[in-house]
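Letters are used for the chains, namely A, B and C, taken in the order the chains are written, and counting of residues starts over at 1 for each.
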Amino acid sequence: MNPILLAIIALGAIGLIAALLLYFASRRFAVHEDERIGQVSAVLPQANCGGCGFPGCAGFAGACVKATDEKGSLEGLLCPVGGQPVMEQVAGILGMTVEASAPKVAVVRCNGSCENRPRLVTYDGAKSCKVEQMIGMGDTGCSYGCYGCGDCVASCQFDAIHINPETLLPEVDEEKCTACGACAKACPRQIIEVRLKGPKNRRMVVLCNNKDKGAIANKWCKASCIGCGKCVKVCEKFEAITLTKNLAYIDAEKCKLCRKCEEACPKGAIHSFNMPPRKPKAETAETPKAPQTPTTPNVEPVKAEQ
Amino acid sequence: MKTFSIGGVHPEENKLSAGSPIREAQLPKQAVFSMFQHIGAPANPVVKKGDVVKVGTLLGEAGGFVSAPIYSSVSGKVNKVDVVLDASGLRRMAVVVDVEGDEWEEGIDRTTDLVKLADCPDLDSKTIVDKIKTAGIVGMGGATFPTHVKLCPPPGKVAECVIVNAVECEPYLTADHRLMLEHPDEILVGLQLVMKAVNVKKGYIGIERNKPDAIELMTEKAKQYPEIEVVPLKVKYPQGGEKQLIDAVIKRQVPAPPALPIDTGAIVQNVGTIFAIYQAVMKNKPLIDRIITVTGKSLSKPSNLLARLGTPFSQLIDECGGLPEDTGKIIGGGPMMGKALLSIDVPMTKGSSGLLIMKEDEAKRAEAEPCIRCAKCVGACPMGLEPYLLSKVSELRDWDAAEQDDITSCIECGSCQFTCPSHRPLLDYIRLGKATVMGIIRARSAK
Amino acid sequence: MANKLTISLSPHVHGGDSVQKNMYGVCIALLPALIASFCFFGLGAVKVMLASVLSCVIFEWAITKFILKRDRLTILDGSAILTGLLLGFNLPSNLPIWIIILGALFAIGVGKLTFGGLGQNIFNPALAGRVFLLISFPVQMTSWSDNVLDHIDGYSGATPLSLMQKAILEKDASILNDLPSSLEMFLGQTEGSMGEVSALLLLIGCAFMLWRKIITWHIPVSIIATVVVFAGLLHLANPIYANPLQVVFSGGMILGACYMATDYVTSPMSHKGQLIFGVCIGLLTVVIRNWGAYPEGMSFAIIIMNAFTPLINVYCKPKRFGEVIGKEAAK
């Protein structure tokens, strides 16, 4: 009996002392935090992707609270992963309103598949685009195209981008893509752009990033933009296409999805995404839409003509 | 025997062309002069299409203090000034000249007579440095750092000695070896010039023991110059690294960056650079040609060629027996630090010390296996770093850890990867980490 | 030129070293001692060794293929064979086969592959297996079969280690007179597990590994030196502690110092770290041998220090180039 009692008393005393220590420590070292930060954090996706530009979701929540207190608006703050619904919730907690932001998606602006852009040499180093970049042009003749080593794939936290083993190009899964921009940052050649998803996910993109002169660009890739400017001409009405450094670029906000540029491009570098199948003599894309479900993204790049 | 104190490896030497005397390469039909032949700001082209140039005509002027001018090594007409694929694997600005005849600019002394320092009593330090700067001389061991910058120590730093890097620790390469055998007097006068330029009284020539004939000849010739000492060194890679060489010769270690080699009081110059300095100062000849070792186990005639800058590599290979059928990899430079070429139709530059043709079976790396933590890379690293760790944190993109473990001290010599039993691409990732961390540090100090 | 060129960053040549060369190098270094143990212990030793090596290799293959579902064949890299050999060396020659298979399963399955395979494990797999068996089957693991040679000259009895411990427990230095001389122990005429018989042959193997640059001198030398010094001091202070030479040549000391502690994966990376690692193993071994519950402390000491290896790696960095000068310049 005695030893048991002794053990109970001893252990009880140790427990009591430890509990007191813990209690005072928690009081003494308590970190005061605005409780709204915790509330905002709770509605965030907790992916900690950094797509918002802050270190993790807690950082973003802190920034939201600070912006509310100091500026009185949530302007410029967006969780790209959660998008509009999450921002509305955040605004609700903080008593703010948010303006609607258009959804975006990552687009790989290179169509230099193995067929279009043959490999001239074999790359035999560590499988990282940034490492391959240190050798220079890489394994093809294009100084601007995709290396195909998958730094973007490694950077994606949402499993939304994958290298197609046939083309050796990354392909974006539009359903999973949250437009956090991690892949765009990881790409050493800035091939990936986070663009407006467009109405009904429809958009026109120049799938090329080559800023070389036309002759060089044309020599090494069948699907390259050669800076001929034909697309700029057909788009004179909307002025959505600009040509800088031998490369055409379509401004997603100005683009009316008429698809004329796609026809005009001699190299097939301009691609339409999620467009209804063309009627034999379609004038514009604004004609009645074909029964197409937006849930089946058609990101397969159209093969270049010829 | 003297050598550097930490790490090092001993790759198979394969000095196939050591016995072949330097011969002059033919003039190319078309020469391409990249404006990016040195570290620092690129040169700015000063000629345009259709201009007639001679050997020694200025093609590009230096783009800043850390930069160097570029001269034509051929005579003919400028075909174009445009972006061209160069040995670095990038398309960059270059001047392309169609060769016609071989006319030289006036004032260049093309005789082979030795001009001694005593023959030019009015040479002073500033004139020498100016002549080096005008001649467009850069470090010819491969680093291509503009030489005149190295000869102007930053304020507060005083040079105490000049060390000539005649180590040639890269396997296969023999250009420096042949240069010493064929032009020993010029090298000694060149060293005197550099010593005069930086006003020091002591010069060393560091040569590895695998070149006994060169050691013997240079020691014999150096007897006339009491202030110059030839230092035989144990054969170990990377002895030709600037920091390693200073450690080996004068037993002083350069502290970690941002310290510079000059902090130890030593100025290191490659033996090829010294020869170019001699020619520039005494013969008025700008840097328009260099000795390049064209070698490889499958090549029928491994040779040392005196070739004009801008000559395409394909032509040099043809002069050494043509490109073998089973070529798998072509390297500009030596096998430890050289750069793999995308194509042989690129021009040689000021830094082209060698051209190595590797057979197909030598070219492919073995498949990487998991790291077994054998610590052989730690033992091999001449900088006392932990390559396995740096490679790992770089792969995981933990730049803070990489910086903390001194990734910026890496000299990219490749000893770690050379020695790794798991064939891991250690240096690939360390390079990535080093470049990123340097960028982060620059961004931080810019703030 | 028929084929495409290859490009990669430098270096473009490799020293030709490989994991296999290192692993099989250690196996070759173990050969003389292996043959000696076959001669000493006869057929039983052959059976134990075969069972140990085979079951290690089979477990490695089966677990990587069916549980981890990896396609890479890892049994040819020699590490499983080496684990099997070392495990076998740590067992008595009359151990039942099923216990050996259990030990191999623990060594490979728990000691190595749960951590991710070669290069990832925290503890030396062979030692993990041995310690697991020692704790689970203490009786079988310490009932040494008689040495074949000893039968000839009629010598048989307790192992030197248990004699040493008995001497300390009973505070009777005369017990130590029953120990074989240190020369006999060095050449190999003692009781014990298979790898403990001949210090000489193990040292020859160690010299081979040093010559082939498979290991560096730091760990073996620091362990043995520490043991000699520590045991020597104890011996001088009180003769109930055995002569340091006898301590070094008895039990698994040489096997542990040269082959188990030097395991690449579980030892520190820097030379400084390796010295600290070795000294600690030496101290721990002597402490466990003299005052612990088990007569042999080597395997426990190595396992304990294995656990400290990551910590040692964090605090013991190799000496950086220019470090000393940098500090002097700062002064």
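Simple rule for what comes next: contacts are C-beta pairs under 8 Å (C-beta built on N, C-alpha and C of every residue); 3 or more make two chains touch, one makes a residue touch a chain.
The model shown is predicted, which means the values in this text are computed figures rather than measured ones.
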Out of every possible chain pairing, name the one holding the most C-beta contact pairs. B-C
Longest centre-to-centre distance from chain B, chain (CA-based): C
Interchain centroid distance [CA atoms averaged], chain A/chain C, Å: 52
Note: chain B sits from chain A at a C-alpha centroid distance in Å of 43
Chain B and chain C: spacing of chain centres that average the CA atoms, whole Å: 48
Which parts of chain A, given as residue numbers and ranges, touch two or more other chains? 120-121, 124-125, 131, 134-135
Can you list the residues of chain C that touch 2 or more other chains? 5-9
Give the residues of chain B touching no fewer than two other chains, as numbers and ranges. 89, 339-340, 342-343, 363-365, 425, 428, 431
Name, in rising order, each residue of chain A that touches chain C in their complex. 119-125, 131, 134-135, 139
What part of chain B is in contact with chain A in the complex they form? 83, 85, 88-91, 339-340, 342-343, 363-365, 395, 425, 428-429, 431-432, 435
In their shared complex, at which residues does chain C touch chain A? 4-9
Can you name the residues of chain A that touch chain B in the complex? 120-121, 124-126, 128, 130-131, 134-138, 143, 212-213, 216
For chain B, which residues are in contact with chain C within the complex? 6, 9, 11-12, 89, 171, 243, 247, 252-256, 259, 263-264, 323, 325-331, 333, 335-343, 356, 358, 360, 362-366, 369-376, 378-379, 381-386, 388-389, 405-406, 409, 412, 414, 417-423, 425, 427-428, 431
